[in-house]
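You will see two complexes here that share chain A, one where it goes with chain B and one where it goes with chain C.
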Partner chain A sequence: MDTGSSKRMVEIAGVSKLFGTVAAVSDATLHVDRGDFLTVVGPSGCGKTTLLRMIAGFEHPDAGEIRIGGRRVDAVPPYRRSIGMVFQKLALFPHMTAAENVAYPLKMRRFAPAKIPGLVDEYLGLVRLGDFKDRRPHELSGGQQQRVAIARALVFSPDLLLLDEPLSALDRKLREDMQLEFRRIQQELGVTTINVTHDQREALVMSDRIVVMEGGVIQQADDPVSLYRQPGTPFVARFIGVTSMFPGRVTKETGEAVTVAAGEATLTARGGGAVLGAGAAVECAIRAEQIAIGPRDGAPRFENAVDGIVRQRIFEGERMVYAVEVPGLGGAVLNVFDHDPVSHSVYDETQPVRLEWAARDLIAFPAGPAPAVTTENKPTGSLTT
Partner chain B sequence: MRGSLGKRLVIWGLVWVSLVTLSLPTLIVIGASFTAGEIIRFPPEGFSLRWYGELWQLDSFRAALARTFQVSLICTAVSLPVGTLAAIATVRYRIRFRNAVQVYLLLPFTIPLVVSGLSMMILFGEIRILGQLWPVGVALCIINLPFMIWSVAASVNAIDPEIENAAMNCGAPPLQTFLTVTLPAVMPGVITGGLLMFILAFNEFLVSLFLTDSRTVTLPVQIYNSIRSVITPDLAAVSVLYIAIALIAVVLLDRLVGLEIFLRSK
Partner chain C sequence: MKYPLSWRLLDGLEAAAAVLWPARLRRLTAWGLLAPALVLVGVLVIGLGYMLEYSLHELDLATYRLTEAYSLTNYQTILDRPVYARVLGRTLLGAVLVTAIAVALAFPYAYALVRTRSAALRKALLVALFLPFFIGQVVRAYGWLIVLGREGLVNSALAGMGLPTVDLLFTYPAVIFGLVQYMLPFAILLLVPALAAIPEDMELASESLGARWISTFRHVVIPMAKPGLIGASVVVFTLTLTDFAMPEILGGGTSDFIASAIYDSFFQISNPGLGAALSMVLVTLGSLIVAGVFLVAGTGTLGVRGAK
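This part shows the complex of A and B:
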């Protein structure tokens, strides 16, 4: 199984899956390196779970191939794949104790019976559940059940660990604790991991690499910082982080920078990948934390400036969140974060303000039919779009 | 406050009326069975175990009781695999003709017992098995099978469909998955259904009346025959026996399933 020489643990090439006539996943190609933590993120129905279930072997691809550890697994049933999985609803065996749940994969995979108790103790210790080994799942808290599920998925040293949104049911505090816990265990064991989530924050916090999916199509794959800095499509820009979008038209193109006419404003932007000639319709994206908010009579700080009116102000402690309507941009509402609400002025609703940002922070994407973002998957903290 | 007092009075009143009307006949029969006199009456004359003794002396009664146990065991033994597999298959798997199969399996419940009894008597007569005991067990299994299926189906519906995938992910091939995960998870329903089938068969009268003769008469039919001659307090003693068996079943259910049911609460 272990080819040793290859650093690729998982290779997915041109994989498609149809449900009826709907393509749940189309032509997905990606790879995961040995020991990496990869997160597939996207709104519900984007195909990420189907992709994961094909890797686990519960679904069969209609096209393409999946290799794990260099071996093609299309015809390998799930119980012959060396994959540990933590399920969305955990799927612990209700009639077994924590220790029996963890021992189950060892028994099924024919480990020497003498070795089993030691391994069970070791992995229950790893997830800090040593004292709870004789409890049944219903006698454990949500977080403890998570830990049993993790131990069960890892105890047989699988080639690959799959996480199917196991944290989505937990409350926020516990979820954040468990994110760090997953990461700690994953790094301690060095197990290659594929995580699926709709939570962009979770993806950013936990991953070595992130794959963004939408409508069954992989939009972009990159490390978290690059993905955040250089979103490759308008969807990625909207889905990761809090980003405001507005339409415009290119009037001049000078190398990296483009001049964009948007409403009554003339702005300088950087092209988002594609070559943009003069006259091209574009969608402009600006992140909330890149916008500086100030009085209209202040000295200019950045290349781009528009005037607006505060429509909403939300104080979140470490930052102030504004929704600012900009009549000069066709009435677009821009989300603005002010990360220093202690020393900066505070602007109230209906107050006129000036928004400014650097040319390099405004990204111009070629305009196309924009895929709709469903409301439940709007980035957290977003006020309006 | 007064409104709430009135409400409490009404509710407790209803509770007590229900409790009394439900349990009074049972209590009267229990009392009557301990009479020392010659006829069934309440309150009993004196106290004795005389009628229990007489009952035990009756060969016809002992033989009928033994046959009833046998019939009930056959019925339960047949219904356990059949009902369990049918429930899992029709609830869980997207098998072909699923609805049709479901309706077909529940059909016996909609047919009057007289019709079932008569048609089975004719059928068993034609294939020359009438007069034996085991066909009675099978017949009782057929007419009561919907209860078994319902009971198991409730358990199947309660389990997370992903646990079978989880078992396979742990390395268990399909048969192992079924034996070590699916079956234990539906066990509460299987136990409940099994006990229910046993009790139902133990009590069944109408179909048994069609299918038994003097050599294979079962206890409910035997009781019916004796009512037609003379009503003596030994009938009260038989009734108490029935109550005792029902109680044992309830206790068993509580011991085996009562705890199990809590297992599936998250």
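This part shows the complex of A and C:
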């Protein structure tokens, strides 16, 4: 075993999986470090479950290789892999009690019978279900079932924990509680975890690293903050956070900054991961919370300013959400968050406003199908491909 | 806004129903729907009552009529004549054997049908499953006569290889064989929904928790398929217990089941009292065994989730 593989718990290189002619996963390359919590996030049908099933050994890649703990696992059947998995629908055994469910992997993996009750109690305690040992799954609430499933997946101290959207069926409050609960348990045990979700919030909240997938292709892999700050493709920009997009054309390029003509406006932006020469068609992305909304006659605050009309206003308590139509940008509608609705003025529908934002917050991506960013070799924070 | 025609038609129907069948009568609806089944069961119960009545009258050999007086003579006859004990034992053993073999063979078939990823294989399995239903039991039994007979396919093949021919027909194993072949589709048909109700994730979960497929089968698939297994067993068992054609045709009189004995009592020796008594014994025995199975396996077996 070389030094690299002792830090890397999972290495996936060039893995593809075809179903008929559909490429569920194509040429995926990623790694997970020991003890890390990695989340694979993407819209429904993008290949997340397929990727997870290949790691678990239920599906065989058509190309590429998967290593777990430095060892190639192509020929290793699922029951010999040291992987705990929590399924999308939990898959608790309905004819067994919570304790029997948790004891199952210990029995199957030939743990000493004398040790089993102690381990079962320990892990049911860890998920705070000590008092529910003898209940069957249908006698437990949704959240309690989640806890049994996670205890069952962890009780035999697997090298790797796989979570296939186990929280997606819960209501929002419970889901958020369980996210923190999962994270607490993961950190307490230090188990390497791959979580799969289509909920970008969940990905941001829980993960050490995030992999964004679309259409079977890995778009970007980074830590949550870098990913949020520096989306590598328009898809990532749109998928993570609330982002408005509009088309433009580069008129001047000066180092990192580019000048973009969009509609009747001239804006300053930063290049999003590609060299953009003058004349290049671009897609511009701006996050809702980066836009300042104000009256049209106010003093300029940022490099970029456009005038618009409020089309919709939604009050969410801690923030005000505006949809502002900007005729000068070809009628694009920009989403705007105002995070201080207490002291800032409130603008009503049809009211004219001015939107402003800093040059560094506007990202210009090359238009059209952008090449996916291969972030595996990319130093964190860089913007180049 | 115009709604599609089918919606408007359904709305019309509903309005008409509301007039013809006002809400006051709604609670009778369930009974109304149950009525045909209740009538059918009722007729059966009445028939059974008549049977019981017949069985309690001895045959008067002078008039060949049942005597007026009540007696247990017919039941005494069944106890006294060892042939009836033999036939009954043969029937019970046959039912147990056929149930065990048919369910054991049906399980992998149903499992493959439910789990296969190949659409072609699934279709083939389905066709092979339903085909026998289009061919009656008697026709199939005659088919076996042709295949297994003295000059049949098997013996021709044996003769062709220079081996001595064997008597395959008119033996107890031939009857069991024919019955298993006849019951298999019923068993499969009852097992398929039970297996289809087990999410594949259950098996994958078991596997990833460290179980080989054989442990997965033992600890997950079979316990979860229990309702189907019990349903299939009960149906195959009772159908075999009361079967007539297979023992008649493939047994050729050597391996009569109790149904043949009942038939003979009614139509060969014209003793309806004895036939009725035999029928009562059969019904009682069958009911007791099935009741016993349900008692042991739990009343919730036939699908009620969570019942212990």
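Descriptive notes on the structure:
The rule we apply is simple: the second predicted complex is superposed on the first by the 363 of 385 C-alpha atoms of A that agree within 3 Å, B and C clash if a C-alpha of one lies under 4 Å from a C-alpha of the other, contacts with A are read in each partner's own complex, and residues count from 1 in each chain.
Following the convention adopted for this analysis, a residue touches a chain if its C-beta (ideal position, glycine included) is under 8 Å from a C-beta of that chain, and two chains touch if they have at least 3 such contacts.
None of these values were measured; they are calculated from a predicted model.
Chain B and chain C, once both complexes are superposed via chain A, clash.
In the superposed pair of complexes, A:R238 makes contact with neither chain B nor chain C. In the superposition on chain A, A:R147 makes contact with neither chain B nor chain C. Of the residues of chain A, those at positions 56-58, 77-79, 83-85, 87-89, 91, 93-95, 104-105, 108-109, 136, 138, 152-153, 156 touch chain B in one of the two structures and chain C in the other. By the touch criterion stated above, chain A contacts chain B in their complex at residues 56-58, 77-80, 83-85, 87-89, 91-95, 104-105, 108-109, 136, 138, 152-153, 156. By the touch rule above, chain B contacts chain A in their complex via residues 159-160, 162-163, 165-173, 176-177, 180-181, 184-185, 187, 260, 262-266. On the side of chain C, the complex with chain A involves touching residues 199, 201-202, 204-212, 215, 219-220, 223-224, 305-306. In the complex of the two chains, the chain A residues touching chain C come out as 56-58, 77-79, 81, 83-85, 87-89, 91, 93-95, 104-105, 108-109, 136, 138-139, 152-153, 156.
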